[in-house]
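Both complexes shown next keep chain A, but they swap its partner, so chain B is in the first and chain C is in the second.
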Partner chain A sequence: MTAVPAVSAGRRPMGGQQVAVALLLPIALINVVGFMLPIFNLARYSFNRATVGGGIENVLTLQNWTGLLGDPFYLQLILNSVFVSLGVTLCALILSYPIALYLHRASGSWRTFLTVLVISPLLTSAVVRTYGWIAILAEEGPVVSAIRGMGLTPPPLMFNINGVFIGLTEILMPYMILALLAGFGRLDPRVEEAARTLGATPWQSFRRVILPLTAPGIALGCLLCFVLAVSSFITPKLMGGGRVFLLATEIYDQAIVTLNWPLASTLSILVLVIFGAALVAYSAVLKRLD
Partner chain B sequence: MKNRSLAASAAVLALTAGAVQAETVVLSAYSGIFEENYRAAVVEPFMEAHPDIDVEFYGMPNSAQMLGTLRAQKSAPQIDVMILDVSVAKAATDEGLFAPLDESVTAHVADLYPQARVEGVNAVGVTFDNLVMLYNTDKVTEAPTSWEALWDPQWKGQVSIPAVPDIQGTTLTIIANRLAGGEGYMDGMEPGIAKLMELAPNVQTWEPRPDVYQPISSGTAAIGIGWNARAQVYADKSDGKLGVVLPEEGSGFQINVIGLVQDAPAGDAAKTFLDYALSPEVQARFTETMFYAPTNQKAAALVSEAALERTAAGSMDEMIPINWLEVATIRDAVTEQWRRRIIPLSR
Partner chain C sequence: MMVERAMAAEAALGTPEGPDHLVLSEVGMTFGTLDVIPSLSLSVRRGEMVAFLGPSGCGKTTTLRMIAGLLDPTRGRISVGGRDITHLPVHDRDMGMVFQSYALFPHMTVAQNVAFGLEMRRMAKVEIRARVERALAMVQLGHLAGRKPKALSGGQQQRVALARALVVEPSILLLDEPLSNLDAKLRDEMRVQIRSLQQQSGITAVFVTHDQVEALSMCDRIVVMRGGHVEQYGTPNEIYERPATPFVASFVGRTNRLSGRVDPSGRLLIEGRPVAAEGRLPEGAVEVLVRPHRMSLRAASEEPPAGLNSLPGVLTGATFVGDLIQATVRIGAGEITVEQLTRRRSGLPEPGSAVTVAWEAGDTMVYPEGRA
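Presenting the complex of A and B:
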């Protein structure tokens, strides 16, 4: 008796599986050809030897990897990239969270208007926005003039790490806000009201109710911003003044200027490893939240 | 009526047949302002002179991308002729991407300056450019004459220098090495590095964007370095804001070479174009248009005095001889010195 339903139960998922395979096949193929093969190629380059002047010698060597990990400049560069990206992510989170919370609570056409306002920077290229920041933070720009007007000595804001930090934070904020909003689904206004009517102070209700309920959104936003920050190179290139050495800018220099493709590939694979670590951390956080 | 339309369609057929028969040469070189001027001064006159050959200009922003494209197309090339930086051409030659090029391809090769022919590169010089000093005429009212002007403390935070690995930074290192009394660049760069460490506090940015010319034209920076040809063209467009000077201590060349892509489809038509591009008349015309110094020794005599003065063609002897293939061997070491000792000294 028990064998019959087992067979039919076994058959049904089989059919479902076949459909699933058929549906997944096209995207899997595109991914293999358009993503996996190039990544594999990149990994292969990282074991080739760069010759003087930009050539590539097709040999198998660990030279790029040992050279990279034994060079204090590159170790510093990797740490710089990770810390700057973490810092930018944290700043973007602190600045975006209240905006996202307000947006989540707003309603009707007001909410639509505000959402459009938040998304609109994404419709402008990061290059244009970065040039905007250059004009604002430059030596003769409004910010420096305002600080001088107050009788203070302004810190150098442009062509150094400060500029990169400010620019990246603003550029990543829309992504953070959207990710937070997407993760705010569990936040029901009635739960907050319940907390308040039961005598919680605004801080207690934030700390014990709102924050835990919005944590998945925070995790998602941080993952997204961190990954985007590590890989962004336009803003550091334009605002760093050649003083800020990060992974993404170094990959550009090695690939385009020095023509050391093996080293550029090694650095690129390293970035992928960092992304992998970020994903692992993200899923660990999600698991703990559940 | 019927006859006429028949004749017309016959004519159209003949025309299209002619168009199909016309050979196409795909030329790849720098996009942007170079493309604009090279089309006007070389490509279009060539097509007028050779109605049976069509030249397609495929612009790319830099030599690295050109090398990447050649590598990708190695088994089935689609580019016939390429103009790119000499050191990248060396890498391409080593990988078998350029066909041999000598007097048998074009007789003009024999008339080129010795600097235009580099051993081990299957391509020959087509333009000479040189490093110059740029200044904003509102801020720097008296035209500087020496490279030392970059070190002047009054320009603190106002100097714009593209750092190594950009070869403008490399060329400046070689010049600074000479200013500081160093021997040849292959005998050690220490004097030049020490000299540049003194320059560092003056530097506003080591990464001028979008290029070196705009921030100085607009007055964001007061003084800096750049390549002559582009600087001259932008100076004309800047309403007199951008000043360009070839300092009295001389300068160094950047060399763009032209080469035939290995196994390129165009064959002899590509050689015809290459021959044209290296001829004295065409070299002179491009110098008049974009102020690159000609690589053909017979061209200088055909260039107007006014244009000649704005290039290095009149002062070839004052140029510091730089063998870019030798420099490539010390490039990593120089880059390391810049990153560890020079750049950290600027705020």
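Presenting the complex of A and C:
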């Protein structure tokens, strides 16, 4: 250990840590400038006062917050948003789970084909798909006609909460399927077979083995869909026909129609708080699963 | 060396002579247009451990999965103890299976893994606890009952898988390459442990492997498979000493191939020289197989040993591997390997010199040419 080679005394290459910092710097900067600062701005607006004509008066006030939390309309709006989003998430989960499980088990070109089918709706914009649903569910559309044809009275499907529910569920399903698939990593077909050879019926094997092993995927999919549902506004706006009030549509109305930016900011921050709560719930679930 | 020791052990233990327990009759499996198993018939006696041995793609795992019920055979019939189980669902078959990847339930503890099969059988909680404890003690894992599988080593996971399969006291134990993911030392230990657990419980077992040492050392009988066919079914000793086909001879143990012919008078000739063999010989062109370690080598100048087959050749190379010398000898157009135990003062002739290769008549295995 006495003779240290002279070579190492010269210039040393950058250490691993320096490389890491150098690589992380650009994205950190973009995040600060493009995300953190606007959020900070939003938070600041929520403590400013709106003036007539869309102006923002730079004073520190709690009136947006107290007004919002004291108004039953907004409390109802928040509850509506959360429950509709939870319901849509649950429906998307129930409809997507079998598809994801089938995809997980499929192999080869069949699997590739099916995956492309799942992703393909994402290639068209939500606006186009929403108009598609409006055509399908409209008063003289195929669904209503079919129900009438059976001699039944169709429920109102369009321009109310039903339409929003159906449209949102379908639009979020690709995300749910992809998230489920990403979370199905631990599900090894051999483990299912082991359960079956040990005497588990298909249902028991699903309950005791498949479901617990896919739980991380379920949690991930639900988090993603819930967040997307709470923040989606095109579909509720178009399919709700102005009669369905959710947080996202209200933010749009306040910011673009009423030009009350401080209130829109306050509602936006509220949405962020809901996301935070969802994230906390998600990590609590993950912790319990491990 | 391994092989010989295994044979000695097998001879000492003898094989169970029970009635047939598991019977496959003309079982076939077709995937799409691919006939993986054309038609397979075999039976396993009660309490016997049988190896399905063969190269990958020979149909051994497919056959095992059909027995387990994880694959539905296209044709034929499978029965256990006289009862037809061909189309019985997996969960009603009462078989214990150990998978190559162990397939432990990652979200359950070791104890929960072992208890699973008992819970499926709706056993009382107290009884389950007692049995799980016993099963874990049997594989020396009682102290790890509360751990999750990922916190265990490969060998420990293997033992949990074994305990999980055995605790339900299945009618048949199925093992799918259970040792292939273990390192060499652990594999030796587990070989002994699996075999002794199987013998203690007297359970009928089917063991799928591509490793001849595992098959020879652990099992009462061996089914050598190729291309969905049974090449030979017999005790390890029969498989090794009297291989039915050249394929079996070269797959189980190593072997040298020489070309010869049997003339109308029934004499076997190699390179024009008469060679003695036992049994009836097929007439015409033949393949002659002799195991390298059953051959010996001496300088051409020495008197060839009396009573042995001998052929002249040229020594082309020799490798010293400690307890063995592996010599390559050119005989006619072909080249063979001769293995000799080393002795302190015995040297080999110089490479390039003329030598005589000798072996006993009983070690000559003769097959008609072209039977592969």
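Rule of thumb we're sticking to: the second predicted complex is superposed on the first by the 271 of 290 C-alpha atoms of A that agree within 3 Å, B and C clash if a C-alpha of one lies under 4 Å from a C-alpha of the other, contacts with A are read in each partner's own complex, and residues count from 1 in each chain.
In this text, contacts are C-beta pairs under 8 Å (C-beta built on N, C-alpha and C of every residue); 3 or more make two chains touch, one makes a residue touch a chain.
Given the structure is predicted, the values throughout are model-derived calculations rather than measurements.
Chemist: One more residue to check, A:Arg208. First (chain B), second (chain C), both or neither?
Modeler: second
Chemist: Please work out whether A:Arg196 is in contact with chain B alone, chain C alone, both, or neither, and reply first, second, both or neither.
Modeler: The second partner, chain C, only.
Chemist: Counting only touches as set out at the top, which of chain B and chain C does A:Val52 meet: first, second, both, neither?
Modeler: It touches chain B, and chain C stays clear.
Chemist: Regarding the shared-chain residue A:Leu238, is it in contact with chain B (first), chain C (second), both, or neither?
Modeler: After superposition on chain A, A:Leu238 lies in contact with chain B alone.
Chemist: Examine A:Leu259 and indicate which partner it touches, taking first as chain B and second as chain C; both and neither are also allowed.
Modeler: The first partner, chain B, only.
Chemist: Which of the two partners, first being chain B and second being chain C, lies in contact with A:Asp188: first, second, both, or neither?
Modeler: It touches chain C, and chain B stays clear.
Chemist: On chain A, which stretch or stretches are contacted by chain B in one complex as well as by chain C in the other?
Modeler: none
Chemist: With touch defined as at the start, can you tell me which chain B residues reach chain A in the complex?
Modeler: 62, 64-65, 67, 87-88, 90-91, 94-95, 157, 162-163, 165-166, 204-207, 209, 220, 325, 328-329, 331-332, 335-336, 339-340, 343, 346-347
Chemist: Of all residues in chain A, which touch chain B in the complex?
Modeler: 51-56, 73, 138-139, 156, 159-160, 237-238, 240-243, 245, 253, 255-259
Chemist: Can you list the residues on chain C that touch chain A in the complex?
Modeler: Residue list for chain C touching chain A: 68-70, 89-97, 99, 101, 103-107, 116-117, 120-121, 164-165, 168, 174.
Chemist: Could you please specify the touching residues of chain A with respect to chain C in the complex?
Modeler: By the definition above, chain A touches chain C via 186, 188, 190-191, 193-202, 204-205, 208-209, 212-213, 289.
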